[in-house]
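Presented below are the structures under discussion, each in the form of C-alpha cells.
Below, chain A partners chain B and then partners chain C, in two separate complexes.
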Partner chain A sequence: MPRSRKSPILATRRTVLKSVAAGAGLAAMPGFVRYAQAQSSAPIKIGFQVHRTGIGAAYGRWYDRTTTAAVKLINDAGGINGRPVEIIAEDDGTDPKRGAEVVEKFASQHNCDVGYGTLFSHVVMGSAPRAGEIKLPYFVVSEGHHVASGALNRYTLQPGITDVKSQVKSMAPFVMGNLGKKVTMIFPDYAFGHDHRDFFSAAVEANGGQVIEKIAIPPTETSFTKYFPKIPRETEVIYHVMVGPAVLTFVKEMGEFYGPNKPQIFGFIDSLEAVDLNSPGLEFLDGTYFWEGMPRYTQADQNDYDKHYRAAVGVDDNGASVSDPKDVSTFAHMFGCWETLYVIKAGMEAAGYQGPQDRAKLIEAIEAMTDMPHSNEHPQGAKKFNGRTHQVFGPQYISKVEGGKLVVQHTTAIEDGFYPDETDYTTQSF
Partner chain B sequence: MAHVSSEQAFVLLLPTDVYITAGVAAVAMTVVLLGFLPARWTLAMFRTITTRGIDRSNWQEWTSTASFLVLAVAIAAGLWGPHNPLTNPLTLLVFTVWFVVLLPLFAVFGDLWQWINPWTGPHRLLTPLLGNARPLKLPRWLGAWPGVVLYLAFACFYLADIAPDDPERLAVIVAAYWLLNFAAIVLFGEREWLTRGEFTAMLAANYATISPFRRDAGGIATGLPGHRIVSAPALTVSGAVFVTSILATGSFDGLNETFWWLANIGINPLDFPGRSAVFWQNIGGLVASCFLLAVIFALCVWIGLRLAGGGVAFGEAFGRFAHAIMPIAVAYHVAHYLTVFLVSGQYALVAINDPLDTDANLFGLEHFQVTTGFFNTRDTVRAIFLTEAGAIVLGHMLAVLVSHAIALKLFPNARRALFSQIPIALLMIVYTLFGLWLLAAPRGG
Partner chain C sequence: MDFGPYLFLASLEGAVTAAVLALTAVGLSLVFGVMRVVNVAHGEFFMLGAVVAWWVASYAGGHPAIGFALALLIAPIVTGAVAAVADFLVLKRLDYDPERTIVATIGLLYIIQQTVLMTYGPEARPVEAPFNVRIYFPWFGYSTYKFFVIGAAVAILLGVWLLMTRTRFGLVMRATQLDRETALAFAIPVDRVYALVFGLGAALAALAAVLIVPIQQAHYLMGGDPLLLSFIVVIIGGLGSLAGTIVAAVLVGMSDGIISVFFSPTLAKIIATLLVALVLVFRPQGLFGKRAL
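And then the complex of A and B:
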C-alpha cells in the first residue's frame, strides 16, 4: 500500500495544471471547438452503481432521486462539454462481488465514461480494485476512510462527501469546549464502531479531554439496560453511534435509565438517518446533540443553495419527501451524489474530456482541484479537495434536538477535519 | 454504514410478546375446542355446495397464449429494457406479479394458473404440428420429484443467487426454464408434466387447494376455505414433500435474515457482507429446512397413527395430512411478502406507466414517487405487523381444523381421529410460535 508522502507533489500538480490549461487552451481555439462539437453529440455516460436491493436499498432510493435531480439540472443547463449526460444505473445488490461485476459491465458492456455513486464501504472495497484494473474512473459517495487511507487506487476518488475520520476529528473541539471533557463512548463492537472509538478517542485527547469508559455493545444485542450501569457517574458526555434495528430501543431504554437528569449526549445521525425524529421513544433525545452531514431541517438562516437543492430533489423543510411527509430522506449523505456529479462535470470540462481515451486526463484534472465554493453545485458547504489522497474535506454540522427538530449549533471549519496525508495517489502511474 | 430499517426498529418497540402469546393461545384453543366439538359439526364446516356452472366452453388455449405473449415481451424487456430491477417489466412480472400477488390470489379464487400459464396455449396450438403422440412416458416411480427438484432450484436461485433480480440474468433463466418445460410437455404430455414436473403449475394447484371455489364437472363448488382439502385424495410421498417444501422455503426465507441465524453462521447482522458471502449458507439452510420439515412432519403423522391405534397406511396418512400444511404455507407467503408487495407494488405502477423506459407517461404517474413512509410511523408499522401476525394465526387455525376434519374422515371413530391429531396439533402450535417469533425477531441482512 503506497503511504509515501515525500514525493514531489508540488511538481506533479504543477505539471498537471499546465497540461489541463493547455487542454483548455486547445479547446478554446475555434477550429478545435467545431471539431469537438461535431464529434460529440453522443451522451456522456455515467455508470451509476446503485444499491437498489439488499441492505442498502433505503439509501439507494434516495441516492437515485438525488442523482436524477442533479442530472436533470445539468442537462437543462447544456450538459457537459455540450453533450447530454446519460445515467446508466445498475443494481449491485449491496454486494461486493456483484459490485465488481457491475463496474465491469459499465466499462465493457455500456461503454461508460466513468463509474459513480457507491455508498456501502464493503461494496466500494469489492469494486474499486476492478475499476483500477480496467482503468475506469470510479467516484464513490461512501464517507468511508478507505479512499484517503491509501487502500484503493488512482482511479478511485471521493470528491463529494467527507470521510468519517475527518468528521469525527472535527467534532471533538466543540464537544470538549461546550459539552464536557469526561466522555463515555457507547458503540457497536465491530469495525464501524471501532473506527469511531479510535478516531474520537485520539481527537478527545488532542483537545485536552479524556475518554473514561468505552462500552462496546455486541452487534446482536437488542436490549441495553444491562450496559447503562457501566456508565461512570462522573461522565459529562455520552458519545453514542449505535446503528441497526435496535436503535430506537437503545434510545428508549437510555431515557428510562436516566429520566430527566441525563448527562450531555452526542451522537451521529447515521443512527437515525431516514427515521422521523418525532417517532415515539425518541422524546428523550430532546436537548441532545448530533453530527449531521448536512442539516436535515431547514434552518432559520437557510441559504439559497439549500433552497435550490431541496426544491430540485423534492425534499421538504423537514428533510422528507414532498410527496409523503413520512418518507424521511437520507439527507445527511445524499448531497454527496449531487456534489460528486458536479465535480465530474467540472473535471470533464477542465480536462476537455472527449471520451474514454481522456480518462487519465480527467483524473489529473480532478486531482488538480482545490477549492470548491459554497454554491448550487456544492449546497452542503464549501469544500477543499486533496488531490493526493483523492478525498474532499468540508464543514460538519453539530445540531441540537429542539422540539423534535435538529437545530444547528455549530458549523465546523473545513480545516478542523484535516489530518496528515496517509497516501499520495498521484505517485501511482495510470 | 448504517442500515436503515425503521420498520424493524418500530417492531422491536411493539409489545410483540403479548401478540405472540395471544396468537399461540388462539391456535391452542382451536385444538382444545376441537376435542369437544361433535365430529359431524367439524365435517359440516367443510361441506361443499355445488352451483350450476357458467359457460363451459374452453378458452384456456387463448388465455394461455396471451399469457405466453406477455411473458415473451417481458423476456425481451429483460434483455433489452431498463436495467433497473425495480422497474423492469420482467423482474416485476416474475417476482411481484406472479410470486407475490398471483400465488395468494390462487389461494382465494382457485387455480387460475391453468388458464394463464404460458405453456398450455402454445402447446395446444402446436399440437396439430407436433402430433398428439407423447414420445416418452414419465416413469411412475419418479412421482412428483422432478417438480420438487425444479422448485428447490428456483428457491435456491431466489434466496441465494447473487443477483436474481437482474433483468438480463432473469431473462436468460426464465427463457431457458420455459423452453425446458415446453420440451418436457411435448415429450411427456401436458397433464403429466404440469402436475409432476413444472413447479409453477404445481405451486398454483397446491395454493388453490385452500380456495373456497373450484370448477367442478357440475359447475362451481363452493365451501369454507379448505373444504377441497378435506375431501382431496392422498398426495404421493413426493407430492407431500413438495407441500412441506413450500412451507419450509417460506420459513427459511425469513429465518435467514434474523440476528439468530446470522449470528449462528458467523455474520455480523449490523454489517451484512452481501449475498455472495452467504451463498452456501443459504443453500445449505434451505435444503436442510426442507429436509427437516418433511422428516418432522412425517414423524408427527407416524406417531399420530400409533396413538390412534394404527389401521391406516402411513403413506395414505402422510399424503392426506400434508394437504393441511397449505393454509400455513399460504399464511407465511402473505405475511412474509406483504411489505415487499407494499413497496414493489408502487414500482409496478411506475413500470406500467413507462414500461420500456422511454419516458412514456401512460397513466399520468410521471411525478409519482415511491415511498416507504409507512415504515416510519408506529401506527402503520403496528397495522402491518398485526396483519402479518393475523395471517399466520388464521392460517394455523385453519390448518388445525382441516387436519382434524381429514382425520375424522380417515379414522372410523372420533376418538381415534382425535388421538391421531395430538402430535400434528402440537407441531402446529409450535409452528405458530415460530412464525410469530420470525415476524418479531430483529433482522439484518
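And then the complex of A and C:
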C-alpha cells in the first residue's frame, strides 16, 4: 500500500526548515512550472476506497480486480489526456468512520485527483460529506439511493451503477405479474436495506400488490432460522436481499425451513454474491428468481462487450475467477467500477482536466453527460445519466435458477426505472 | 405459524445456541477458575478453531464427514497448542497478575485476529456439514445436523465433567484451583497445569467452533459474539463454577432463542445484559459462585 513519502517525525526541525526554504526558493525561480505547464506527464491519481476487510471484503476483492483490469486497459490505450492513471488503494474496513478518514487521506496525503469505488451505503453516507467539504470529486459504486435522493452533495456522483430505487421500480411489474401479489420482504436493517423496503413497497403497491410483512435483520446477524416463522403463511412471494459474510447461511437456512413447499422466491443476487450457486444446501433455489445487475453466467446470446469484459477481468463463463473456479465474483456489481472509471476518463477528457484546480470543470463535464451506449466501456448495457441527480440509469436483469445456473428471463428497459428527480445538484455552488 | 410449533422452533434454536455457548463458556470459566485469568482472547480461540476446521476440511477431500471428523480432532489440538504456547510465552512471564493478563490477552486477541486476516483472508468460508439431511415437521423443516450439535455438545461436556471429577489430572486441576501454594508444596507442577488448563480452555472453544462452522461460516471476526455471550454466561453462572456456567448457558441460550423468535434478537441481547447487571448488583459472585476468600 503506498504511503506518504514524507515522514515528518523523522525530520528534525532544522532539516524541515531547510527544505521548506529550498522549496520556496525553487518555486520562486523563473521557469519553475512543473505543474503549471500545459501538458503534465505526472500520473492522474485515483484514490480507490476499497472494502478490503470487514463485512464488504468479498466485494472489495472483486472491485479491486475489476479496477486493476480497467486501469490497465486505459493505460495501455494511452491513459487519460496523455497521462497514465495511478490507483491509490486504501482499505476502509467497510467502516463509515474509517471511510471518512480514507477520503481525507486521498486529498491531503496522496494528492489524489478524485476519490472512487465505495460500495456499502453506510460507508458512502459516512464518507461523502467529508468529500464534499474538502471538494474532492467522489465517485461511488454503491447502488444506494442516497446520491439521487439529494442527501449528499455536488461532489458525489454515481455514474456507473443504477440505484436501488430505479432497480426495484423497473422489476416490480415482473414480480407482480409472474410470481404473486402478496409479498414478504427480508432485508438488512440499515440504509441499503431501508432503500429496498421503502421503494419496493411503493413499487408493489403501484402495481396492485401488497407487502404483508417486512422483516429487518441486523447486518451483523449470523443465524436466521429464528426470523423465518415471521413470514406469514399466505405469502406468495418472498423478496430477499442480504449482504455480508453470513449470506450463505441465510439462504441455506431458508431452504431448510421451507423444504419443497416453498412460496415463490425473488432474491437480489446480493444474497448470493461471491457464493457458488452450487454450494451444498442451495439445491432448493432451483426455479427461484434473482435480480442481477449483470448476468453472472454467460448467456446464450453473449455479446462482444461481455466477452471483452470477462476476459480482461479474468472471469470465466460461470462468473468465477479463471484461476480458481471456487472463487466466485461479485459479478452483478463490479461492472460499476469498470464503467465508473471510463466515465471519469471521458469526463476528464471533455473537461481538459489538468489537475485539482479543474475539479469543478470535471464535475460539470460529467453532469453534461446523457447517453452512454452499450460498448466495451459500458459492458453491462446502455445507460442514461441524469446530471441533475448525479445518478445513472441502466437495464436490469431478472434471471431464473435452472440446473444450477442463472438464466436471464427478462431484461428491463432503461426507462422502466425512471422516477421524478428529487434534487438538482447543479444548483449547488462548488 | 401457530403458537405450539412456533415455540418448538424457538426452543430448538435456543438449544443449539445454548449447546455451543455452554462449551465456549466452560472453557472460559475453567481458565478463570484455575488460573484466575480473565481471558479476553477466548473468542479468538473460538475463531481459530473454525478457521483450522476450514483448512482441515478443505484439504481432506472425499466425503465431507471425513474432513469434519478430522477437523473435530485437529482443530482443538492446534488451538490448544497455540494457547499453551501463548501461556508459556506471555502469561507465565506476567506471573498471572490479574490486571496485566487482561491487557496481555487483549493483545493476544489482536495478534490472532490480524494473523488470521493476513493468512486466511477476510472471506467467510463454509465447511460442509458431515451429513445434509433435513427433517420436515408438518410446520417447518429443520436440519438434523443441528440436533447433532446439541448431542455432541452434551457428550463433550460430560467428558469435561468426567475429566474434572474422575481423573488424576482433574484432581490436580481442582487442587491448583483451591490453593495454588499448597498445590506447589505437594509437588504439583503448577506451571504445567496452567499451560494445560489454558490449552484446554481454548480447545473447548475450538470444539464449539468446529460444531458451529457447518451452520455459520469461518470468518476472522466471528469471535466477538461468543466472547461477549461467554462473559455474560460466566458472570451469571459464577466465575469458575462449571455447573453454574452450564446452567447459565442453557438459561441465556434458551431465552435468547425464544425471545429472538417471538420478539427481536436485539431485545434478547438487552435482556441478557440486564440480567448480568442485576446479578452483579444483587449477587456479585454469580448464581452458583462462592464468595471470594
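Operating definition for what follows: the second predicted complex is superposed on the first by the 333 of 430 C-alpha atoms of A that agree within 3 Å, B and C clash if a C-alpha of one lies under 4 Å from a C-alpha of the other, contacts with A are read in each partner's own complex, and residues count from 1 in each chain.
In the analysis below, contacts are C-beta pairs under 8 Å (C-beta built on N, C-alpha and C of every residue); 3 or more make two chains touch, one makes a residue touch a chain.
Remember, it's a predicted structure, so these values are computed and weren't measured experimentally.
Asks: State whether A:59 touches chain B only (first), chain C only (second), both chains, or neither.
Replies: It touches chain B, and chain C stays clear.
Asks: Contact-wise, after the overlay, does A:142 reach chain B, chain C, both or neither (first, second, both, neither)?
Replies: A:142: touches chain B, not chain C.
Asks: Contact-wise, after the overlay, does A:364 reach chain B, chain C, both or neither (first, second, both, neither)?
Replies: In the superposition, A:364 contacts neither chain B nor chain C.
Asks: Is A:280 contacted by the first partner chain B, the second partner chain C, both or neither?
Replies: After superposing on A, A:280 lies in contact with both chain B and chain C.
Asks: Output check: A:246 vs chain B and chain C. Expected answer is one of first, second, both, neither. What do you get?
Replies: both
Asks: Quick one: classify A:229 as touching chain B (first), chain C (second), both or neither.
Replies: Once the two structures are laid over each other on A, A:229 reaches chain C alone.
Asks: Once the structures are superposed on A, label A:98 by its partner contacts, choosing first (chain B), second (chain C), both or neither.
Replies: A:98 sits against chain B, while chain C stays out of touch.
Asks: Counting residues of chain A touched by each partner, does chain B or chain C come out ahead?
Replies: B
Asks: Once the shared chain is lined up, is A:257 touching chain B (first), chain C (second), both, or neither of them?
Replies: Only chain C is touched by A:257; chain B is not.
Asks: Both chain B and chain C contact which residues of chain A?
Replies: 52-54, 58, 61, 222, 245-246, 248-249, 274, 279-281
Asks: Touching chain A in the complex: which residues of chain C?
Replies: Contact set of chain C toward chain A: 1, 6, 9-10, 13, 17, 64, 117, 121-124, 126, 128-129, 132, 134, 136, 140-143, 215-217, 219, 221-222, 225, 257, 260-261, 265-266.
Asks: Touching residues of chain A toward chain C in the complex: what are they?
Replies: Where chain A meets chain C, its residues are 52-54, 57-58, 60-61, 218, 221-223, 225-226, 228-229, 233, 245-246, 248-249, 253, 256-259, 274, 279-281.
Asks: Show which residues of chain B lie in contact with chain A when the two form their complex.
Replies: Those residues of chain B that touch chain A are 1-6, 8-13, 83-86, 162-163, 165-166, 259, 262-263, 268-277, 367-374, 376-378, 380, 442-445.
Asks: In the complex of these two chains, what residues of chain A are touching chain B?
Replies: 52-56, 58-59, 61, 65, 88-91, 93-98, 101, 119-123, 126, 142-144, 188, 190-192, 219-220, 222, 243-249, 252, 270-271, 273-276, 279-281, 314, 320-321, 323-328, 330
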